[in-house]
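One structure is given here, and the rest of the page talks about it.
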Amino acid sequence: MAADQQPSGAEGGVAFQAADGTGVGVIIRERADRELHTQDMTLNVGPQHPATHGVLRVLVTLDGEMIESAEPVIGYMHRSFEKLAEYRDYRQIIALVNRHDWVSSICNELGVAMVVERQMGIEVPERATWIRMLMAEWTRILNHLMFVGSYPLELGAITPMFYAFREREEIQALMEWVTGGRLHLTYCRVGGLKQDLPRGAIDLSRDLVPRLRERIKEYETLILGNEIFAARTKGIGVLPADVACSYGSSGCSLQAAGVPEDARKTEPYLFYDQVEFDVPTGRNGDCYDRFTVLLGRMKESLRIIEQVHERIPPGPVTVKLPKVVRPPAGHAYVRTEAPLGQLSYYMVSHNEKTPWRFKMRTPSFNNVSTFPYLLKGTLLADMIAVMGSVFFIVGDIDR
Amino acid sequence: MSDLLSNYWVLMPVKVVAVLLIFLVFPLVVGYMEHKVMAHMQARLGPMEAGRFHGVLQLVADGVKFVQKESVVPRAADKWVFTLAPAVALIPVILVFGFIPYGPELTPIRSDVGLFVTLALSSVSVIGVLMAAWSSANKYSLIGGLRAAAQLIAYELPLVLAAAAVAMQAGSADLAVIVEQQRFWGWAGWALLPLTVGFFVYGTAALAELTRPPFDMPLADSEVVFGYLTEYTGLRFAFFLLTEYAGIVSQSAIAATLFLGGYKGVILPDGPWFLAVKVLALSFLVIWARSTYPRLREDQLQVIAWVRLVPVSLLLIFVVGLLKVV
Amino acid sequence: MGLVDKVELPQPIKFVFNWGRKYSLWVFNFGLACCAIEFIATSTARHDFIRLGVIPFAHGPRQADLLVVSGTLTDKMAPAVKRLYDEMPEPKYVISFGSCSNCGGPYWDSYSVTKGVDQIIPVDVYVPGCPPRPEALLHGIIKLQERIGSESLKERYARGELEPIVVGA
Amino acid sequence: MDADALRDHLAAEFGDALEPEVSFGLLTVTVEDGDYRRVAEFVRNDREVSCNFFDFLCGVDEEAAGIAVVLHVYSTSHHHHVQVRSVVPRDGGVLPSVHDLWAGADWHERETAELFGVAFDGHPHLAKLLLPEEFEGHPLRKEFALLAREAKPWPGAKEPGE
């Protein structure tokens, strides 16, 4: 940078004018950088640090409070799902794999069920598919609520966390009633669902929608309406669309950059082509946009849920499976839109009782790999704003 | 009776005990209030079990617990500085309580420059913070401490300028005289408007001096763990906590004295009870801010101090001076 | 703290001291995995363990009295857990929250998961479940508080490891 | 483009160098390791294909045949997927890195290198990503057995799959 900014004008270098027309300020800053350069400090953030909401470590080289480089060190939550899946029955994988992104279990197990069904050529009953959609969208809201709470918390506002969990508990009650679980629901099965909806579950779900809508409005005024929040997030951590694509970053990060890429829209699965919804996008790709997109996605999910209520037909929710599940040899790929972004499963089968290879392409892994790009040159305080806005779950990074 | 009380050797211990009592009781009340107020703002209940009735003894339990904790001094720490830091931070705050007028003729230590002594004392805490930050031999502590130092020094200026405007208005830097000149709800008449602005300047600066949200960058738990407190355990940590809450009380008391008519009140005779109510009300605002705002970044923080508050407070002095002359 | 752990204190003082420790459990959440979400749920409105004096304001291990290990412990993470535990000042208590930190849970045959946090640090209370419900954590906390209320620190240090409490057993 | 059209388009460019296969609407082209980089560049830069979105890169143990490396990319403008597959020998298998084509490949290649033992030529920093430094072996290879499974029987009533 310094090379092309030659001082022009008087020989003594009194009047500074950069070659590209930038003002004196830049040059003074550069001189200050050169002359007042301080020793770099390496700071080890994590693996257990409040900022990383989980166990992620970031090696940061600091110049004062400015980050010179940041290198995420991952693997602290590597639980070897991919190896364990090779040792488990196709039906057992569901209970194992729904734990990688631990706040969106239905969305995870849905993908697993779909990839096995695709490989075996199983048609899922219509009712089961609609119910899967309903549950997947509620899970998406549960996941997003988690981040609606945790992101302001990282920026120092404590209260949204408590409000978000109040809402989560209400939805949790519905999920618990339907599936019997609170976090790892294990509701999807290969070929359908574990059980039908209990009577009245749809009514409860109907009641929840308008209440949630009100609460989302409350969040918008509480969080987006807060000038400090805006000052901390606007223009910070900008991820342009082409860089996001090149990293394979998806979900809120990609949509905030203005790319309306959502597997539910571009490559619809289940019955997402039969419901109306929009893909919210941002303009600048900064932290503020990512958070706005997050709220927007919640609103769209509510829209989908409302339409699903009217569409669930009567009928069976599961098909009869053979005693031993043995998909034919070959490979299958399923792409779904998990709450955090694009979640794909790639399965190679050798016509055995267990899969030969089970690759999980998790959204957080690719999203977090953008950290070195995003953090370079930001302030240490902005590191938190940036890391929090790339919504990730540590288990989803490390698998 | 009055003869006895006027005897220095009787009066002095009474004053000391009274000030110490205030110092020990009020921070606990404010700490408990923080628990409860925040909880109710967040759809929770807060402590309910300790002390049977709504967890009233929560902070006492905390105190008893801290006494028993092992006190760890990190091996790499600068031992002497590390142990002294809590005291350096705490003692000035205790002394501040001695200068506050609690009622008519009820100022433990009356001084012609009481206002500036209290302000000077409350800024000594910075040294304690820096000592803690440096001696901990921890990078997070160091970053937190440097942030704290930069912030405390930046906000010292608007704080003192706003207080100076009050001193100009009152024509005295004696806190008791300043209170005497106010009505129960603060500065009356034509002095009201500029000094209301002064109150907001002072309040913002005081909030920053206390490193309370939204100015809690030095202690930002999501960035620097616990700032300069990261390495402190047990009683020493408790002293820092006490400093924080005592700081809230003392700053509220000074603000109430300077701007809100101190111990003056209505219906009942003037006295400490009015000051207590005002202190608690101001503490409530401090807590309210904590449960509402995210924290500012340090450069934004500096901008607020130097670009907004300092010019406003300079203008304030000018206006007050002008009104005084006219 | 020198005196407390060497001398058997007289009953009234012991009572007050135990009462203080019982109701002031500053908790350091070692949020590792899924269970951390249930831990947060326990700290928020519906379940709210702050009622019991479990204060989640300890941002670092130095201020903490109670360590809740919630989630899967991997071999890569284990040294960090050990270190943070060592950084906590005595008297300290540990709750192992969830099957993974109890014994490895569903990852018992994994190549990268430590089979239980008790392999590296002593545990006071085990809360089973995958993940346990918030109520289970509350139960564990109350059980721990009962033990603290009647314990003697001298004995605690002298005996080393105590018989652990298992919730629901 | 749908998978069949893509297959024809790629075949027109590379001819016999690639072995296309379409399963469930997904095109997979298997190439020699020498052609891997060339095909990847084409998939990235060709205007008709222009797969700009990096999906994943992973290994698959093919036992005697070696280790297959699967690169999966997607186009956000055309909405199609392409999977490029190349089999390298078990010992000393090397592929050229594609991290300069898709920045996301950086971590995926590191992961594949540590889990399968495939090296990536031209990668700037092929260090361990997920596992601790002292870990030995490549756990996702089939010969890597789970110790816990050898020592302890499956705790359920039936073995998986029965």
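A, B, C and D label the chains in the order they appear, each numbered from 1.
Definition applied: a residue touches a chain if its C-beta (ideal position, glycine included) is under 8 Å from a C-beta of that chain, and two chains touch if they have at least 3 such contacts.
A quick note: this is a predicted structure, and the numbers were derived from the prediction, not measured.
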Winner on C-beta contact pairs when C-D is weighed against A-D: A-D
Distance between the centres, which are taken as Cα means, of subunit D and subunit C, whole angstrom: 43
Distance between the centres, which are taken as Cα means, of subunit D and subunit A, whole angstrom: 23
Subunit B-subunit D separation of Cα centroids, rounded to whole Å: 61
Whole-Å separation of chain centres (CA-atom averages), subunit A against subunit C: 31
Sites on subunit D at which at least two other chains make contact: 130-132, 139, 144, 146, 149
Multi-chain contact sites of subunit A, meaning residues that touch two or more partners: 50, 75, 78, 80, 83, 87, 162, 166
Multi-partner residues of subunit B (each touching 2 or more other chains): 42-44, 221, 225
In contact (per the touch rule at the top): chain pairs: A-B, A-C, A-D, B-C, C-D
Interface residues, subunit B side, partner subunit A - complex: 38, 41-44, 139-140, 143, 213-214, 216-217, 220-223, 225, 290-300
Parts of subunit B lying in touch with subunit C, wherever the complex brings them together: 35, 39, 42-50, 55, 57-58, 60-72, 221, 225-226, 229-234, 237
Complex contact set, residues of subunit C against subunit D: 75-76, 108-112, 115
Interface residues, subunit A side, partner subunit D - complex: 74-75, 78, 80, 82-83, 87-90, 92, 118, 242-243, 245-249, 259, 261, 266-267, 324-325, 330-333, 335, 342, 344, 346, 348, 352-354, 356-357, 359, 361, 365-366, 369-370, 373, 398
Residue numbers on subunit C that touch subunit A, as the complex places them: 30-34, 36-38, 40-41, 44-46, 59, 71-72, 74, 76-77, 80-81, 84, 106-107, 109-113, 130-131, 133
